[in-house]
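Questions regarding the structure given below will be posed in turn.
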Amino acid sequence: MKSRVIALLMIAVMLVGMLTGCAGTAGTGSQTQPTKAPEPTKASQPTEAVKATPTTIPDSKTGSTSKFTEAPDLKALVDAGKLPSVEKRLPDPGDIMVEYMDSVGKYGEAFTFTYSGKNAQWFYGKITEEPLFRFKTDGTIEPNVAKGFDVNEDATVYTVYLRKGMKWSDGMPFTADDVLFFYYEMCIPETFGKSLWDCFKVKDAQGNESIAEFEKVDDYTFKVKFQAPKPTFLEELAINGKWCFAPAHWYKQILPKFIGEEEANKKAKEMGYSDAVAMGKETGYYYWNVPGRPTLRPWIVFENSPNNDCDGDYFVMERNPYYWKVDEKGQQLPYIDELRFIKVSDPQQTLLKILDGTVDVAAVAYADYDVLVENMERGGYEFVEWASVSWADLVSQLHLNQTVKDEKKRALFQNPDFRQALSIAVDREEYAEIISDGFAQGRQAAPAKGAMGYTEEWANKWTEYNPEKAKQLLESCGLVMGADGYYDFADGTDFVLNIQTFTDANADDSAELLMKYFGEVGIKTTYKPVDRSVLDNMTTSNDHEAVLAPVTPATTFSIILRPDTVVPVRNYAPWYGAVGNWVASNGKEGVEPTGDLKKLCELYDQLRAAVNAKEKEKIALEMLKLHEKNIWVIGYMEALPTLIVKDKKIKNFPENSIFCDEFRDFGIAHFQCLYYE
Amino acid sequence: MRDYILKRILMFIPTVLLMSVIVFFIIQLPPGDYITSYVSRMSAEGEVFTSEDIARLREQYGLDKPWYIQYFKWMKNIITEGDFGYSFAYNRPVWTVIMSRLPLTVTVTLIIMIFTYLVSLPIGLYSALHQYSVGDFIFTGIGFLGLATPNFLLAIILMFASFKLTGDPLIGLFSEEILREGLKLSNLGSFLKHLIIPIVVIGTSNTCGVIRTIRAQMLDEITRQYVLTARAKGVSENTIIYKYCLRAALNPVVSGLAGSLSSLFSGSTISAIVMNMAILGPVLYEALKTQDMYLAGTILLTQGILVVIGTLLSDIVLAWLDPRIRYAERSS
Amino acid sequence: MDRKESIVQVNNLHINIKMDEGILTAVRGVTFHIDRGETLGLVGESGCGKSLTCKAILAINDPKCSTSGEILFNSDDGVVDILRLPPKGSEIRNIRGKQISMIFQEPMVCFSPLYTIGNQINECTRLHITKDKKKSREISIEMMKKVGIANAEKRYDQYPHEFSGGMLQRALIAMALVCNPKLLIADEPTTALDVTIQAQILELIKELQKELKMSVLFVTHDLGTVARMCDRVAVMYLGKIVETGPVEEIYLSPKHPYTIGLIGSVHKIGSKRKERLYSIEGTVPLALNLPAGCGFYDRCHCRIDGVCNVKEPEPVEVGPNHVVSCHAVGQKTGEEGHDIE
Amino acid sequence: MVLQNVMDRNKRKEEEYYLASQWTLMRRKFKKHKLAMASLWVLGFLYFVALFGNFIAPYNLVAYNSKIVNAPPTKIHMFHEGKYIGPFVYGIKMERDPVSKRKMYIENKDEIYKIKWFTHGSEYKLFGLIKTDIHLFGVEQGGVVLLMGADSMGRDLFSRMILGSQVSLTVPFAGAIISFVLGIIIGGIAGYFGGAIDSVISRIIEVLSALPTIPLWMALSASIPPDIPVVRVYLYITIIVSFISWTGLARIVRGKFISMRKEDYIMAARIAGVSTWKIIIKHMVPGFMSYLIVSLTLGIPGMIIGETSMSFLGLGIRSPATSWGVLLQEAQEITSIAMHPWKLIPLFAVIITVLAFNFIGDGLRDAADPYK
């Protein structure tokens, strides 16, 4: 099964490499292929823009467009006259999005999850997310909220088509105005406390940056214009733009700009926020938490329903009566009535609730594998494994801060020999056996098998266990063995390697082992887990040294689309330390990179400017080669696929997929298509 | 009596103030602040923050100022408009957050306390009257076991046992049904069922102390002269024990009441986390971890105040129990 | 002896106390009787077993004490042996407080601080006289007045800590006499009080005794009081009664060296012959595994070695109901006491 | 003559009874308390084991072994194929269920490892002084003996529990002592001098005891610097724990002092010009020493539990350094309880210790007032 996952991952990631920029599935985008490998033909002809043809639901598949059916509870409301008929709620027949799936489902039941309150907003946010364009498991994007798009030759102007008659969850029409409102009234004025996303920015060949312009064509068409080519706009939009629209009609009743400061503040207080700013942030960014805030999502939070508090002990998201997707039979989605979230204060409780069959879908730890198997019958669940795109197991990634403040250490950390020493000082076989309870093998930090830039050599580079050689390497780095049996700096001062990690990373075991191995080759090592926030703080202020299991591990689905963990773009991943800040501030702050690291940054600039996808891939591979050469991130164990437990009776759940943020973690399972048999 | 209570309240104002300062100081003691913890939590979920975003957040929450200024602002608002500030994490007034938990917290705490005393008083009495008897050893032994077993472990063991036996781990105070429909007479049973584990876990750890005091006190009282006098009057043993000794022995138990109240409040935090009890304890813990300082601060204050109130109540009961105190007050 | 005459008859009473250090025989074969209306003084140093003997009469000794012998009490329903009655049973409880009642040494600790004086007094009457609240209250207040507690109605509802020592003692007496018992045991009722009060209390007891025609067992270590209060005296030493007899008899011609010592150690006011105060050297030996022979041996100034320290002296009648147990006395009977020079 | 010395003996007895010091009487009384005496022995044993921990434990704290991750306790056999060959263990090998991938350990009957006494093992310093590698027992090369099974990192739980006791039995003790001293001094000052000092101190006491312990723990342990040796961490933890638990005692001491200040003999001492501290130490403290000792013994179990709670919150000692708290915290998982129940064994160690201390405390309390 694992191998299948890898094969899939291979296709997926290669495609992203090649297809970026080519509007792969444009036009026909409104139809979701059953998530299988895409037709190679599309892959063969990059950069060719595709005309968007208004799509209709092929009758062959849905029968007459007129007969749509809906969930019983909604039917009841319609009959009671409390709700317009399903035809009126859905977009125009031609523009309805049809989800094609392995099996057509039936209505009813609910999904139950455990969650940690508002902290888990991304969990239930991702599984209900509806972006303009969404990823498919094969790594290509397809229109979602959008119906389709055109793009001009040099990828500077995108024309996006929306779905006629599509409605917000409060029944108000969804139009191009909502898109422009979002961009001009919320993104640019930073209404929700976020600076404009990179996906709306573009750097031209001269390196000067400019932001996109949105322009309404008609109610259901808008244009996005860039000063310079932006071939990966849609993918980036799908990743960090996520959604690109807001209910103008709703915001015009609360935003200061439209109703005045104090009025807005009053509104905010009514809604329970400290002030208009907080209101803007919460309703604008984490809007899916907000009762009554119109969305396009399959499940929404109603203003008047009892369990609509996303921080309550029990939180329920209910079916959106105006949801705009149907299945082949014309049944309005979603199948499942509601999503229920039970607040837990300790992971063990989630485990118990999985065992007793309460929880329907959850990712679980391999450490609990045995007890899960033991109670399979009772819980009525089964295992699903989704591939990971992490370069190495999270707790087995060691990031040596290349810009660590201590000069002597910096020299050391920048020295490949030292990194090699730390790498080969560890018996990966034993390490993996203990840390993964025998599920994983030892490995170097490298792209997932099958992903872009993966090579056998890379995965095995510096992985042989050889303490003697490690010692030699350390000495070659200028360290001298001290009286206490530990290496000192040439000037005789003690050398202590301070490993840092955050408390809930569960890296204690691996840290313990590493300390042992390092100690054996004569490196005095300390280890203290601090609160995640503290670690983050250290990273941003460049006070970190060697970070194990960082909050932002080297894991990327595509270095082109999501580079920040492996390429210095801002204060983010620990290994490149202050270089990130240097890049972000265009050299004003931070530490200027040197050598290969500098080369990496330069390459990334080229990458961003590159128009041609082939060229992009070429550059990307070069960048990865630099990583392979330097092993900036030391990995000790392969990343295990995400182990998922799901109720046996749930249908249409992807047997194998990739668990990564780009695919919105669980979101790629398209929960609106899942149902109980 | 009234002015006595008033005096007590006045006395406790400086205490609370001092407490609030210490509380606030303690909360901000660990490095970082709410924003750092928030940012890292969200970026772990794939959300992206630029340094400007962070700066903006910090400014918005007024965390760019030193802690004592934040403290004074907080205090000012509390005193002037009774505004305890906003919880960063919940993004709503601290007071509403607390109020959403406080009633349940108090109820549960009281239930557990009542249980504790219902169980431990008779046991203590028994073991005092049958000192060194088998029953004495068994009961006190059980009490000690409760004391000796770390709550968090006992809790999870019981939950798993309950899962193995009944298929329902009895997590939290409410079944999903109650969570959905709210507490009704019809589902009161399941609520009580869910109370079993908390009561056993938290209750047992407190019974021991009470049993001990009662036992010691009774043994002490029984040897008093007035017992002899009463006996010489021809009073029956039961009357002697219940009319004279028990009432006298209750004295220290009652004065210990306030203490056990506070220990239930904070002492049960860990158990509450393990058992997923929707009471203030876990909220406080979270708030402390994320440095949601106004929330944490207010909760700690509330607890402190509740403890003081507890002390007050127990003193009143004491006065009722023991005329000498009443007398002392009247004369003072 | 004639049981109609006497209200209580104690025969060969032994009391053993279990202690960590062993068995302590605190009372060793005490025998005495009290007649109706009579006051018997029980005299001896502290720790000689006086109080134990008293408590034995009420059977309220600590369970640690094992008692043997017999205490025949002439109760309303015939003669009973108190030691044979179950100590928690209803018969004995019927006797306690109603027929025999007791006044203790320290009034301050004799009342529970938690209840009003009235409550604790009328508990007695409620138990023994009438269940009716009002009536028992009246009776109690009546009694309180009798013992000279000013504005008793008010005092009735006050708490012990609002009473002075003397007042408490009066209240205690009231509590003891409220059911006018046949026998009152007064265990050093005045030791804890200051001298002026002492006198009052003693007077009070005396009057009440006359009024209620009860017998009194008056325990004290102070012969002065005895002279004041009692008809007969029993001198106790180390758990034994070493000498009994009418007050005058004992006073004028004490026989037992110990008694002599006691009397000697009291300065008699207005006595013609000026004499220096006499004192007994040494301390009372611990009644724990006692030496053979007379307990007073090693403190005795006229001991006969080889006799006194070998066998216990038997009681000898030296005059009308004047009994002494002393070898020395046994030898020189009839002699007019010892010359204290 | 015989009689004479009999009597002399009695006399001496009597004098003893009157003159026996309070302590002798306490001891006598205490000896009577069976449970307390038993507990005393138990504790004695535990502390002995802790003292010789590194000698008794067959393995050390960093003896990770990937072959025995989560392995159950090894059976100790006497007979191999029916014939007696003394105590030995079979080799264990791990296998995964082909279907469920579940892990299981099975005995490998053709590998036999004899259990040896006083074998050579990992090197250690007995009492931190004598360097040696002799362990009480062990098995021949290649085999492993796991009396209590192995943990999730393939370490022998038995060894960890033994070595953990070195922390769990000493840290709380030290902690109790510290809070004891703090309590006496601070409470003493408040009670002896009274006035402003008193009111200030009692305010502080009030506040501290009204504060829940957890925030204090979190704040204080957050202030522990990162790169200090584990040994020092113990100390810090101790101080943290005791810092919180001195208030109760202080309050009592204060009360006692206030009441005592008025006593005649203190007055006398004062007038006689005895120095304040001398009065406190020589005259006042002994007045209720027995009481203090009781509260000391009864304080220790609380500390032990406190230590485990801190470990649960991740504030305590960190592996590889081990305390019972650490072990319990590792056991506090459904998987451990369901699949590796042997990880719960340290719980019993804790319970027994806590019970023992409590019983001793009770014994002392009963003995504290011997004249009763």
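All chains are identified by letter, namely A, B, C and D, in their written order; residue positions are counted from 1 within each chain.
What we mean here is this: contacts are C-beta pairs under 8 Å (C-beta built on N, C-alpha and C of every residue); 3 or more make two chains touch, one makes a residue touch a chain.
Every value quoted in this text rests on a predicted model; they were computed, and no experiment measured them.
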Worksheet entry | Closest chain to global C-alpha mean, per-chain Cα centroids | B
Item to complete: Check A-B against A-D and say which one is joined by more contacting C-beta pairs.
Response: A-B
Worksheet entry | Mean-CA-position distance for chain D and chain C (Å) | 55
Worksheet item: Using CA atom averages as chain centres, what separation in Å is found between chain A and chain B?
Response: 42
Worksheet entry | Separation of chain A from chain D, taking each centre as the mean of its C-alpha atoms, in whole Å | 49
Worksheet item: In angstrom, rounded to a whole number, how far apart do the mean CA points of chain B and chain D lie?
Response: 27
Worksheet item: Residue numbers in chain A touching 2 or more other chains?
Response: 348, 352, 355, 530
Worksheet item: Among the residues of chain B, which ones contact at least 2 other chains?
Response: 30-31, 156, 160, 274, 289
Practice prompt. Going through chain D residue by residue, note those that touch at least 2 other chains and give them in order.
Written response: 332-334, 338
Worksheet, complete the sentence: In their shared complex, chain C is touched by residues of chain B numbered 224-226, 228-237, 243-244, 247-248, 321-324, 327
Worksheet item: If you look only at chain D, which of its residues touch chain B in the complex?
Response: 35, 203-204, 206-207, 209-216, 218-219, 222-223, 301, 305, 308-309, 312-313, 328, 331-334, 337-338, 344, 347, 350-351, 354-355, 358-359, 362, 365, 372
Worksheet entry | Touching residues (chain side chain B, partner chain D) in the complex | 14-15, 18-19, 22-23, 26-27, 29-31, 137, 144-145, 147-153, 156-157, 160, 212, 216, 223, 259, 262, 265-267, 269-270, 274, 284-285, 288-289, 296, 300, 303-304, 307-308
Worksheet item: Okay, in this complex, where on chain D does chain A touch?
Response: 62, 64, 66, 69-70, 94, 96, 100-103, 152-154, 226-227, 314, 318-320, 332-335, 338-339
Practice prompt. Quick one: which bits of chain B touch chain A in the complex? Just the residue numbers, please.
Written response: 30-33, 36-54, 56-57, 60, 86, 89-93, 96, 156, 159-160, 163, 167-169, 171-172, 174, 176, 179-180, 182, 272-274, 276, 278, 282, 289-291
